[in-house]
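Naming follows writing order (A, B, C, D and E), and every chain is counted from residue 1.
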């Protein structure tokens, strides 16, 4: 396998994540973009792990997964809370403090 | 170890000031006055002891990691300033005995607060004058701003708060530029981080080349703002106009001296090369200050502004004397710093009494006050004459000395500067004429009906006495001051110019 | 025997070449204590009846923190420095020093968490899951409910910060980053009043925080790719071995720094700071602004100095630019703020900038620091200590100044308080002066050291910019003093009252004030302490 | 040959089958539209607001999803440990104590959720 | 060697793989038809009736199911108004694909000779085959969730949410129960797991020749698996997602034509899949049961298929049997069972197992101290389970303090109502929250304005 392909793919995924975060106004979509970024990182790590022939990267990916899950739990809790009080998940509507 | 008289001298007013702040009413006033008199006594003792050659130096490790020392010294220059400080404060306290009641209508704070702050200011200023560690000096240089800020904004005219902010911003700006220089001194005094801020240690370090110049500029800007020099003087007139006369006296009489003091101590002392490099500019600025201050004073319509502009002019003389770097010019400047404290105090206070009576500081609002308040008018005249440097007043001696000393090196500047002396006569006498002489206007008759009270006379008397005494017998003071000038000269490594004047010595 | 039954049924597989990792439980005791205390707190939440929870939580939290502090100090005084847990965690002097600071300040913040300001309720929401303004919420408020979960959340956060500051591996660092961030996100959403703002703050903080940690992680992955290890030491070795810095390493460095700078609140990653500071409950804001900053800065220095020391010439430039931007933006925007918490937020941004000056200087033993002097790290720590003292003190005061409906944080509503409550005015003055870096306060010593360190590291111009802009920053601190003492109380200041403070609050306030003063006058012991603790284990 | 070829061929055949069948169905199916046929089923009355684009459902399901994530992640760590458990001879007690601690940590939050009635479905 | 290339399955030529896939596919379809018939017939028998009249169609009615399927192809496909069309059609596709794919890793038999090639009766095996099955099951849930969501119908949505919540809940317990299996087998590859179960039980040195199937060794895990099996397949007694009385037909309410048939098919294949997994993981897979394993040829080659299908059909029979005998339980019982019983029990079981084996390996079982400690712990756990069962009572709502401003303007208290303490009334400036009972400016020298209730003026 050619690791470069995987690295490029993960970089593209990561970039899509960033762009999605920056340009989508829905909090949940923005959040999913972040998750996409984390998974792109996982791909990078596993690829490098393969390149170096060490397990570190794969173990790293495990930790990233668990952190991503924790982030989902906390993040969705917050987003759901604000959705319940505001009935919207658009980040543009979240603007009480922009005065 | 001997008695730490300098520490006691400086710390006593600070502690007492805090105590006074916590007290109320008459007790606070009395305590404040007693303490200030005690400090005066202590200051005189210290001055005499130092003049006799007793070493009052205190040196303790303070922050070894930074290289800062708790180091106090008692050289003649310091002690002269100490004497000025301890002498002025009781006078100011006496003059502002009722400041709280007087300004209560305009939201003034209680008198006790004024007394406390004044004492704290005195202590911090004393620390400034006696510290021989750059960081310690800087520390108190900045710390004085806090009580001064409250002194200005607490009592006085309606726009005093803006004035106080202006003062603070200017001073902080200067202070921070100086902080830059202080840090630079620290960094360059130790190659790999083991720095020292002790003046004695710094004297061994050479700040040559561009770094010395940068640091010099840093210090000089701070001091130029403090000793208001054109073009960074604009805060002073506003402040003096709005502040209560006592606060103005403390500000101009004591605090601004830290500027000229610092120029002597740090600018000349640490960066002789950079000083020589900067002298032309500094001298030009000094001369401009002299003329601009005088001109503005002459055209000023507000008595307090007028006094403050005279100070701008006088500080110009001092700076001129300092940067001329001859023994007599420096001696003159130091003596001038001393005298100016008293003369300007007298002027501020006496005008303060008048203005308080009349209710406005507008020159045009007066007229013929001589007749209704002859004693005050007389005191005004004496103070004014002292300010313009009439022979027989101590100001004359110092002004003459500094100009004469500077003549040896910079005749052109001196020649121009003398115009300032002429203008001084114009603005003082004109102000006197417009306010005191002429027909008594109704308003003056109504408001300025009461002549000087006993307290006012008591307050002004010492000032006038000092001005007269040192005008006729300057010898004792000069005897003390001259070694200071010589020490500075040797630090700079300069010698007095040959008696025969040669153009373009520099 | 059944055991033989079981063993016989096992597939005969070759044993793995795995040896048990060495975990130095004794040395890691502070972490275990905090973790244990937090878990016990959660159990208390679950098993103890509602009315006795509060006391139990405070007890556990305080005892846990104190025990951790004692354990940290004993390890520190015994100079037990080593890389532990398979080199994942560096127990060196900087770690111990940071832990000590974190725990001490957290203790202070516990008092803030518990502050009721004379009323019956803390700053935390009665029931976070109810919709603001709903009937359920009113019922929860009427029932005097309150979330005592904030204590375990705080403890987990402290745990994360402690690991973060001492982690010697980027993955551990990432996990620690999340351990301390996630509870903070939740805490942010738990303000009792102005809940919509609070929730909004939490969403912002969370989204941006998640983004930044993802970027940090990508940087981590790239550094791993370049060096074959997550360990800072190995990264350093790999980076130093290469003659020129490769693009992948540079990219990794930048991205890791982005993540860390976000936590520190540096421009251009500062957008969250004002909103979050304003929206979060004040005790949480205090916690964030103090503890997060300490952990973030220490993490940043550790990564840059230990892991990327070989790239100094590259990151110094980057950091210098960030520092300038941070200082400029923090100071200038702060000028127009009229809300105390936002003002403190911009203040915190500009302070981050000043700290970065020293970090940029990177004046360390490696770059020629003499013994007995101080370098970047100790200057930063002294600065942080001073900053933390003043910040916590200010937040105690913010908790005191109230009106119907909660804290009154509009600056205009503070008008005249200095006169009606002189001691309050004096304390605010003291803290503001410390923020502004006026001599005789801790803030001054910090500024002096930070700029000196920056200059010694060869960044005189950066120090100059820092100094010039501290004047600008000073203006908005002084404005607070001005408003308190000299502005006439207008409409905004009507029905503003100064609430009585609990004993804990008083103690914290007094300790902060005294600390600010004492540190400004005799800072030598503290400087010496941090100075002796400034060598990273690598 | 790669072991995943089998998987992929299975996937392809399944996809083909499903798509073809649905395609055939779409082709052969009669097309007799009428309005009520296309309304979503709700006992013949006008349907309530629809989930597509703004519909909402009880937050309870969200809690289940979150709990699922927590325990699924636990499983992520449990499986590798379980698979290699036989071969952990050198680790001895460490292996089991470590997992016990991990499970205990998860249990702490489990107890919290349990006691706070997070697992009740009312 | 990369783990992706398994030694066993990397050797098959491509055509053998294709043959195996196609054959398996056909078997699955046929078997589903059979199962439909089987269920109806068995249910009929168990309820002491004939069942639906379909005896005439083909071989005692087996043709009926084929007919049903073919009929669906010619039925109209109705797309509800407001449905998300793409997702609406994607959902059954996902379900359909997912139900087939798991079979790729299930071993149907041992090694045989096929057209001169030694190969195994299993399409492929990967080291993480069990994980693969679980993840495909997870993908299957998408089919259900998306169906409910895209149908634009309340019944569909609720049905899909219910079933997905149920499935993920039971998936956790199922996953945990499998951990014990992996602990024993030391592998997640299905073929290894089957092979591991062929090892005979040895009682203190005496080889009983009884194969150590895991249902025997890991009885608790097996029980848990069987229970979760029902949850996963949405079948009685856990078929809440489509209980007609509440939700019409659950997530598939809006489906018609072959898409509906797809769900029907998927349900039956899933049932078969779960039974097959059960067979593989717990019942010894294609291995012959005791005492047939004593006869060599019965336990090798193509005979594996027989054992495998027998065992699987047995489990399917069990499914039907349960459906016939146990009524549907309520949803809260269902979720409670999953979360409050199955998950903790399986976690504790896994831990106990690990402790037990470690203790055995360390030789502690001989020590009475250890045994005593174990007893204490077990008792403690039982105590915990009893104790943990008691839940916190919902908070006693305090009498609501009378809020004079509740409606925005002051009203006097009614008889029996009292004005609250002064600082309990607080009127937030923000319009969205005006709760009572918050403490603001407390009484004190400075709190003049707040200390007076505003109702006074």
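As a convention for this text, a contact is a pair of C-beta atoms (placed from the backbone, for glycine too) under 8 Å apart; a residue touches a chain by one contact, two chains touch by 3 or more.
As the structure is a prediction and not an experimental result, all values here were calculated from the model.
Treating chain C as absent and keeping all other coordinates fixed, how do the remaining chains group by touch?
No chain C: A, D, E | B.
Work out per-chain C-alpha centres and flag the one nearest the whole-protein C-alpha centre.
Of the chains present, the most centrally placed is C.
Work out the mean Cα position per chain and let me know which chain is farthest from chain B.
Most distant chain from chain B: E.
Of all chain pairs, which one counts the most C-beta contacts?
Comparing chain pairs, contacts are most numerous for D-E.
From the mean C-alpha coordinate of chain B to that of chain D, what's the distance rounded to whole Å?
Using C-alpha averages as centres, the distance is 82 Å.
Roughly how many whole angstrom separate the Cα centroids of chain B and chain C?
45
From the C-alpha centre of chain A to that of chain E, how far is it in Å?
28
Which integer distance in Å separates the CA centroid of chain B from that of chain E?
88
Touching two or more other chains, which residues of chain C qualify?
Those would be 10-11, 13, 132-133, 195-196.
Considering chain D alone, which of its residues make contact with at least two other chains?
72, 84, 86-87, 89, 92, 95, 111, 114-116, in rising order.
Quick one: which residues in chain E touch 2 or more of the other chains?
Touching at least two other chains: 184, 186-187, 357, 361, 392.
Per the contact definition, I'd like the list of chain D residues that touch chain E in the complex.
Residues of chain D touching chain E: 1-7, 9-11, 13-15, 17-19, 21-22, 24-26, 28-32, 37-42, 47-48, 50-52, 55, 57, 61, 64-65, 67-68, 71-72, 75, 78-79, 82-87, 89, 92-93, 95-96, 99-100, 103, 106-107, 110-111, 114-117, 119-122.
So in the complex, the part of chain A that touches chain D is made up of which residues?
It is residues 62, 65-66, 69-70, 72-73, 76-77, 80, 84 of chain A that touch chain D.
Spell out the residues on chain D that touch chain C in their complex, using ranges where they run on.
Checking each residue of chain D against chain C gives 84, 86-92, 94-95, 105, 108-109, 111-112, 114-116.
Taking the complex as given, what residues does chain B use to touch chain C?
Contact set of chain B toward chain C: 61-66, 107, 135, 138-143, 145-146, 150, 153, 161, 165, 168-169, 172-173, 176-177, 179-180, 182-184, 186-187, 190, 192-195.
In the complex of these two chains, what residues of chain C are touching chain A?
Against chain A, chain C makes touches at 128-129, 131-133, 171, 174-175, 178, 182, 185-186, 189, 195-197, 199-204, 206-207, 210-211, 214-215, 217-218, 220-222, 224-225, 228-230, 274-275, 278-279.
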